[in-house]
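Per-chain residue numbering starts at 1, and chain names A, B, C, D, E and F are given in the order in which the chains are listed.
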Amino acid sequence: MRALYVGRFQPFHNGHLEVVRHILSRADELILVIGSAQASHSAMNPFTAGERFEMIRAAMVDEGFDLSKIYIVPVEDVKRNAIWVTHVKSLVPTFSEVYTNEPLANLLFEEAGVHVHKTPLFSRGDYSSTNVRAAIVAHGSWDHLVPPAVKQAILAIGGVARLMRIHGSDKS
Amino acid sequence: MRALYVGRFQPFHNGHLEVVRHILSRADELILVIGSAQASHSAMNPFTAGERFEMIRAAMVDEGFDLSKIYIVPVEDVKRNAIWVTHVKSLVPTFSEVYTNEPLANLLFEEAGVHVHKTPLFSRGDYSSTNVRAAIVAHGSWDHLVPPAVKQAILAIGGVARLMRIHGSDKS
Amino acid sequence: MRALYVGRFQPFHNGHLEVVRHILSRADELILVIGSAQASHSAMNPFTAGERFEMIRAAMVDEGFDLSKIYIVPVEDVKRNAIWVTHVKSLVPTFSEVYTNEPLANLLFEEAGVHVHKTPLFSRGDYSSTNVRAAIVAHGSWDHLVPPAVKQAILAIGGVARLMRIHGSDKS
Amino acid sequence: MRALYVGRFQPFHNGHLEVVRHILSRADELILVIGSAQASHSAMNPFTAGERFEMIRAAMVDEGFDLSKIYIVPVEDVKRNAIWVTHVKSLVPTFSEVYTNEPLANLLFEEAGVHVHKTPLFSRGDYSSTNVRAAIVAHGSWDHLVPPAVKQAILAIGGVARLMRIHGSDKS
Amino acid sequence: MRALYVGRFQPFHNGHLEVVRHILSRADELILVIGSAQASHSAMNPFTAGERFEMIRAAMVDEGFDLSKIYIVPVEDVKRNAIWVTHVKSLVPTFSEVYTNEPLANLLFEEAGVHVHKTPLFSRGDYSSTNVRAAIVAHGSWDHLVPPAVKQAILAIGGVARLMRIHGSDKS
Amino acid sequence: MRALYVGRFQPFHNGHLEVVRHILSRADELILVIGSAQASHSAMNPFTAGERFEMIRAAMVDEGFDLSKIYIVPVEDVKRNAIWVTHVKSLVPTFSEVYTNEPLANLLFEEAGVHVHKTPLFSRGDYSSTNVRAAIVAHGSWDHLVPPAVKQAILAIGGVARLMRIHGSDKS
């Protein structure tokens, strides 16, 4: 059984990591879709799909996941909700179940007749991409929120400076 | 060193397989880009990106390739050649070399300052996607042209009938 | 004389119905444009163009309108206001007058030299699509706001559950 | 039972008219989709969707068809065959059967699990849009190929001159 | 040395004029990019690119600038920040420096390795397009904010009425 | 009186130059639209809009034209002929006449009620962009076909090699 896991991963955090671990314990293979792949350099979507790809991959290597069972696939948005599921299906290998906590993705897959699991939350109050971005911009601590490989990747691409500048941009 | 290999893989054939083997013997990791990911159900592009993904993956499993070193990434066309390389770079992990035999991709990567290798040809006269599609439509033999897993995948999705019908469509 | 009536009809309510009755009493034929046809499954635009088409048609049948004088045409947005009127004109039969209460549509048609009528309001305080959506989400009463056929259509497609879930999505 | 009939209708000719008559004798209602609605002013697609809408409607009025059972809906192309059926479904009322002679539309609807009827051909050798356009450009006779209302509409919009100029454009 | 100056110029005001004067005193030639060229008839972007072009040109003629050293180029947005710089470069003559105060443009050019100057502010508290639009809508005084030629152009195209109507539209 | 001159200028040749001279002798100002601005790196459209901009500008400087009367504006295609004229109008300053020899542009402007002049041909048998591209690919002589500044610009960007490679690409 192959499962699909959809998120934007801006950035990939410890909660996402736990979900991946959870799915891999139940499914044979995992397709991780990097959604809104076209988006970057904005407050909600600071990182390119390629940068997110690299972060996620590095974290998975660190965790010792079996990479031969994991597909990472960037998928650009279509601007029409009614065809989004068909769009995703046309771009990735076949799958039989979906994991997501995004209510819209949940709704669209269910209307298309695909079985959707809510992902377990793993102290979601802490683990959210919004919190990670806010902590970075506020010069707060975020080491406990993301896998070390993600932090390293963000630092390597100048991600902290980018977030600060985007944040400044939004205020002005 | 990570290498990028770009093609449309309509379908993936034995020549492609040899190129993958060749690159894996030289590079640490391989990003295989399924180009024109948006295209399907036409004479030149019969299969969806998802279908091509599945064929390529199955062939790689059969060959015993180390899947943890291979990324398969569908990439939709942008309709502007001048920004295509930047588009690809924004969607995949970083890479330092490119393998391709498509003259346009070759030109665009070189103008962008990326080192491009021509792929070895491995009796290209035989191994070409055009030949595979033509053999299928002509009820000819194509077992020797593609990996067994690709043939099986094409049969499983009704690919022969699809090609025949598209071919009929183009004639009328 | 053929008149154009533009709206998003998310959903079609009793006020819209009165406007249609009003226009049919003055014009020979009515082109009803379902605007933002590409939008669906969002808080502002819950229903697909096809679903809206079906609701509107059913309400018109119930009212006994002369369907041979009415055209219902879904029109997708163009993302450029300066060409929107030309876009609409290229997709529908010729018309000589426009009815709309949307200020932007009003402005664009007038700048293009088309005569625009404001639609009579028919107790607009009550009759608005925003009110209908809010009443549904709040488990309030909305029978008095929409034609019976619209309510029936919304129930038939699971529209109440969809609105609740989209609403939940917007809050989180 | 509601049936869908898809074509480009460049222009609508007597063969199309017979198909409409045929479908109306079997189905309760007919949705006639004007495909490639975005196309116009080219050799293959000389007329806008709005112009085609007007021609088709006028011919139907002349024939005395029951207009309350017929929906005419312009639908723009999506550039991705794999999502085209979902695109059409999102824009028109629900339907249970499709009539088309275009092999690609036929293939796509069947892969989506929709029952497709081939349209009866009604001396197709004569009745084809290609023939009508060729006859107009060659100053030949085309009165016997299209309904009188279509000819009148083409003349009224300067369609003959347009076709001649587009034809000249393609030659140079 | 050729310099690029990017803005939306909704509308072009006295602060913009001072920046142009400043750049012309340092660079040999100036490419003025009218950004978001596709946008118009909205509260943030009331004027078309063509209208903005005309305003800017007229102000430059009035100022006696050497027009042979100035290029005015409308550039539509791409919806992907990661390729925006490449997009701009593909549309305008080569340039070696950029002037902008928009933080996002600043960030994107710097990540692409282009030298970016902040534009001097020239009492920015007063001179901002937002202030100009607000003053017009509030029936306030705006003569001191824009070059006379810009005011004249706005009046000539009915820009005051347009802004009022768009403003009303946003409120309702 | 301001005139619009539309072409793709792939590349700008001596015939184009004569047309510009001709228009400048009749009109007060000239807007030269670089059409299909999004296209490049193909056999029909080898050069980016930016490269074409630079070539045209350099040739005009060499000729001593009054640059203060000339606007050069790259305009991307819209994929819909029916809205192309409105698209162009929204991006450039107002104009009252058009010069073009492209039959489609001619047709579309005339249907929109704009006065169109055919451009004088100036031995067009020799002067055509197609001839220039063919001569370059065939290693023939093309000095007599283009202004010296255009040749120099093509050489500077490696345009000969690009054309050869694109040509090779098209053959295979």
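Quick note on the criterion: a residue touches a chain if its C-beta (ideal position, glycine included) is under 8 Å from a C-beta of that chain, and two chains touch if they have at least 3 such contacts.
Just so you know, these numbers come straight off a predicted model, no measurement behind them.
Path length between chain D and chain E in the chain contact graph, taken as the least number of steps between touching chains: 2.
In the contact between chain C and chain E, the residue numbers used by both copies make up under half of all numbers at that interface.
The geometric centre of chain E is 27 Å away from that of chain F, both derived from CA atoms. Separating the CA-averaged centres of chain B and chain E is a span of 45 Å.
Of all residues in chain F, those touching 2 or more other chains are 40, 48, 80, 82, 90, listed in ascending order. If you sketch which chains touch which, the pattern fits none of the simple shapes: not an open path, not a single ring, not a star, and not all-to-all.
Residues of chain D touching chain F in their complex: 38-42, 48, 158, 162, 165-166, 168-169, 172.
Here chain C touches chain F in the complex through residues 78, 80, 82-83, 86-87, 90, going by the rule given at the top.
Chain B meets chain F in the complex at residues 79-82, 102-104, 106-108, 111. Chain A makes touch with chain B in their complex at residues 37, 40, 48-50, 53-54, 57, 66-68, 71-74, 76, 89-94.
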